[in-house]
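To keep things simple, chains are lettered A, B, C, D, E and F as they appear, and every chain counts its residues starting from 1.
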């Protein structure tokens, strides 16, 4: 169960409205790696957690914090939209600055949302639950989380670069710092799990059942071999169980596929060496 | 530019048709972490790569391999659908085994695809490009890739468990082995980049501009403190620049948000302490 | 079955082309509360109607009218796109007015639609059938309809505000008036059904089976109690069967959830107090 | 900002696992009118609220409660999936009960979620932010909310009918009761606003600018006139400003649309009375 | 403007309910090539038509007919759902026939739609406006229409095969016959346009501006040359302007792409031969 | 299986960056008729092909070529984004040219993609697998392919018109030429199949089972009869089996639909001539 307090976790006060920037800032609210994504991802990972309670508790703590980040961004965007100019076109066309603002805004901010934030990304695409990753395997999921915090911090930094509003930058400096913590946090949790399970997910599959002769081979499917210069092409594998090998000309190991003709009731194309069908009925 | 050869990378021959399993196997073809996702993700990361050529080449090598995996899975699914029973309901209802098959199939496999594979997941949801991650920052993206190979191997292993067809298992044993390699490969590439850049993405943002007092604090937003027991709650941070601290009762640091009334031309609700508007025009 | 006549229900003639406005006007054509939504919603409610014929007939009458509204908007948008400038960038950049137009247009209007309307909203997001509400319970659905006409009239009014083209305003004045009627109409139909069934949907569920002690409690899940000042916090409930009560500190009434570990064949994370699994096969 | 406590708002304990029902129950978790929808809808309406603080506070109180409902449903679904049978097909086919379960499950519950709830609906379609309604006009939005609670209670009641598990029914009896309250609550809030503003949304548009001669006309666009029998066809309108009138044979009031030929650079079809174009360049 | 009459264009009366088939029949109602798609496609092509009135009129005639087909299918599906069994699971599990029905139904037909049709396809995926094709070039669009009627008739035939309900088959026999007409109709319209314009769309682009040396070359991008055996590999081209040629070993004609490093403010990966950046700010 | 070579199939080198055009060019990369669509469509048609090997081989040859077209477009877009201005708003507002660029860009090109191409269309909508058409009936599918190449060439031509960058035009001249070939190719393949099967898809359905009296009737569902002037309204049908007939006043041939009331457990609206239900339990 949850409780709300009215104060924001951190300040979200722009110095001045900026509806074009409001559109861009939507990316870290409702984009693939926005705050709604991490909020939903952590909450669902926590609620579905079948492992130790310390993981469940930790995941839900951070999931609860992310709701507060969604709140901060929504609040910021609403203020960036204060008094956005949406008046007559003709006049706008005369003033290129207003024209640029009106062309660059997300029209739904005015028409649909009445100058409020939307759970969408910076091109207006709605947040979708397909962004949420929760597999029941924590090592897999913590890698998803580390990625989310990496992409998220990268986007926040890019948004920091393209504004000079001190209020917006102040809020972003907080979110960026939290992303620093959260990257560190998932690195720590991954470290703990890898110590116990090893680095290959899932650790519980009997590797005798996998085709082990290709478990450590880098296959070079192109002309040229620049790809040979990396750590992935030679030396011991990172799970400590094999040695990387570089295969310059990988050969096909499988059959040439020939599919059977479809049964008549499917009405596909009939191979030319078969008689045309009698009427189907 | 690409060339095709007719042989599959590895065998994809089921022992017998199984249209219900065909539906499930769609998950690792067209699901969020299916082969289409990694194919598109690696190809776009490679084509957009602005870093060293060895990365570009490596990423495109593996992206090219993934096209072959899509091909294997599509071929397998088409064969699992051979002669799928789609005939009259009445008869089906008499035989519960046929009934279960017909109820458990993806109806589009017959009606839309004519017994062919589809670029969809196991509930019939179409693959979407929002699954593709390519940010231009390779450390962030390699984490996305490590996650994709972890989730993908996990799903392949689960699909291995729920079939006993030796042909299907043979193909899966190959894909699982390649996922082992690919997890190792991304671990190696991540290691290389972290050595140069450190573990926090992006490394190029001046940390003085982030709110450093919260960069290493674990905030406990719930009652109870099981979350204190992990490595993330104390000790040096994983970027080597701080010390984790555990905050039991995190305080709000921000304002109580009060938004301005909307301008009249937006026709939102007017606060009760304002006069009702004169006619808008 | 349907017949078409060539005349529009009402005029749709702009005074001059305005491709940027054409993009915005798409909202009430193909947006969540655009004319396609009410057209489809009413038609499906009517076709699925299992209640009195007068409802079926009424719903289909208005559904049929909405097809004509879609037609008017499509016609208007095509004319707003007449001769839209899509020529070379270089020249455009020299003239900020043209630049604003080209930046503010929906590029698909030219590239995909050849200067025709699209069944999309104002950010180019395609209309989706998930907007359609038809539950088989008319009181529920008429509330959906009242909401749709409220949101729709609000958006049409906002679009009226941001144009000064007399032809566009003339058409909008007609659509706004029809929305006035349609709000009144659904209010009347709701009134009729509430008289018979009461205001709680569905009326046919035996309320003894609901947890009646929380059926009229407002729960204050935040610090502060501004929320106590409304009609919803005290006085008789609107179904006439209870009394509103305000609960300042709602207590949890449920368990602390502890989920069972997953079976081994799911390959989730294994709790640390369980032995690591033997190989799965 | 938000805090979490570990106890659920109300019990969510099934008597026994039932993975087929788990799939169906997803509807009120991640469907159009599921708990995620009302959670997001209320939170965004609250965060964007520019009206009186009592509304903001009230909306956020209920939004915060809805997070707890999402939590209850996710917890319930995870338990309904405990030990779901996903083993070999062959064996399943022999036991029609297991076969029905395996055919009727959502395959992603096992393959993707590792026996956890997903933010999707009962056909596996992911929750989308396009379900979220927040317009800045509270009367419009409270109608959306009343509809959401009506559709939501209707679906919960239907789900109550199709299970006989006492634990599931106990949880649903709580959610149904809360929906009773929430319908009453929105009715109260709507009543308050309608008293001030009247029933037509938005109230702030000068009705002189709408085409008033069609503001109260019911138009009969079909043969037959069953639709004349309702309250919407005669008597005073519900906004008290007009009289309903029934128009049996509504006439077209608009032009026959004739669009101009497209400019040559659009490469549309050229009317046959125009010369074929010279080469475009 | 449109009028409705109460009679269906053709009978839609099943002999008995069949909720599993109802789910499948949704494909030709709300699928990619279902009746909603052709209805919307033809209406939008007609409304956007800038060519001769005879085309506009013809397209809208058929578009209007398609609304009636949507109506027939919705009516049929509602009847197939009459009294669908949705009762307690336990009992269902005892009777495998009921179990198969309940597992094979679309759960939203009961929970969401109250036994009504939905604007979705056979896997429950909602109809999306991205299925609608209307480019302003009638030859292109008539090819889209011919394809839609071909795919649509194919699906209707497949659905005919998998039912033995005489009422359903009667309705399908009508829809299949109309699809026969509509294929013939689009073939006729295409013939007319090709006579005037030639077969390559768009005809108005000056072919001197295309890279004519590759305008008639079949490129064999695989080992083996079965693809040489078709009409597309030799002989005069179908536009009468060239000769097909078969290129066995197509060579790359383009550059090896090398992208510039990203500017620092984008925070991508920095090439290893560049110095690490000074702090960005 | 596939191999990659580093050279592009043809040059993709813009003369100068142009981020606004980059957004537009996305249409033929990730739009409905972009190169990703034909790539996926041809590959899936080939992999699922159950007809003669010459078709399979031909389809896969062209599918493999399309991967190279995706590569060319991605490469071009990345270069058009080189050094895109994303700096502070204030400065931008002063220079209308920069303002137009910043307003007209796709913000995700900078924030999400780090100046890389995305698998999305020109309004930022992600590519979806629902664009992929593969039915198992090659005549149907080749018509889909002919349409795709027609729409695709049309869009490429429109994009050619709106740039004057010689490098972009050079690349487009190649893609347009290949679309010329591909239209010719599908025309040839269609011709071959129609010779064998006739023009109505599917050819294998016994036409006695269709309602033959409406198989060649053009039905005029509107007032006015401009639609009578086309080849589709009279003369022999294109399948050579009938004669077109023009029906000016098509009559309804079906029932007036009356649906049964829903069972009580569905909680729909109860017809007014039925008693209100006793409590459901």
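In this text, a contact is a pair of C-beta atoms (placed from the backbone, for glycine too) under 8 Å apart; a residue touches a chain by one contact, two chains touch by 3 or more.
Protein names from UniProt, one per chain: A, B, C, D, E, F = Mn-containing catalase.
From a predicted model like this one, the values you see are computed outputs, not experimental measurements.
Any chain touching chain A (Mn-containing catalase) that also touches chain D (Mn-containing catalase) appears here: B, C, E, F.
Note on connectivity: the fewest chain-to-chain touch steps from chain D (Mn-containing catalase) to chain E (Mn-containing catalase) number 1. With centres taken as mean Cα positions, chain F (Mn-containing catalase) sits 8 Å from chain E (Mn-containing catalase).
The mean-CA centres of chain D (Mn-containing catalase) and chain F (Mn-containing catalase) are about 30 angstrom from one another, to the nearest whole unit. Chain E (Mn-containing catalase) has its Cα centroid 26 Å from the Cα centroid of chain C (Mn-containing catalase). Residue positions of chain B (Mn-containing catalase) touching 2 or more other chains: 1-9, 32, 47-48, 50, 53, 55, 57, 60-61, 64, 75, 78, 86-87, 96, 99-100, 103-104, 110, 112, 114-115, 120, 123-126, 128, 130, 135-137, 139, 154, 157-158, 161-162, 202, 205, 209, 221-222, 224, 252, 254, 257, 259-260, 262, 265-268, 280. If each chain is drawn as a node and touching chains are joined, the picture has every node linked to every other.
Those residues of chain E (Mn-containing catalase) lying in contact with chain B (Mn-containing catalase) across their complex are 18, 20-21, 23-24, 27, 31-32, 96-97, 99-101, 103-104, 121-125, 154-155, 158-159, 161-164, 221-224, 252, 254, 257-262, 264, 266-273, 276-277, 279-281. Chain F (Mn-containing catalase) meets chain D (Mn-containing catalase) in the complex at residues 154, 157-158, 161-162, 265-267, 280. The residues of chain E (Mn-containing catalase) lying in touch with chain D (Mn-containing catalase) in their complex are 1-6, 47-53, 55, 86-90, 92-93, 96, 99-100, 102-104, 106-108, 110-112, 114, 120, 123-126, 135-139, 193, 196, 202-206, 208-209.
Interface of chain A (Mn-containing catalase) with chain D (Mn-containing catalase) (complex): residues 1-9, 30, 36, 40, 43-44, 47-48, 50, 57, 60-61, 63-64, 67-68, 70-71, 74-75, 78, 112-120, 126-130, 132, 134-137. Those residues of chain F (Mn-containing catalase) whose C-beta lies close enough to touch chain E (Mn-containing catalase) in the complex are 5-13, 32, 53-58, 60-62, 64-65, 72, 75, 78-79, 82-83, 86-87, 110, 114-115, 125, 128, 130-131, 133, 135, 137, 139-140, 143-144, 146-147, 150-151, 153-154, 157, 160, 169, 173-174, 176-178, 180-181, 183-185, 187-189, 191-192, 199-202, 205, 207, 209-222, 224-227, 229-232, 235, 237-239, 242, 244, 250, 252-257, 259-260, 262-263, 265-268.
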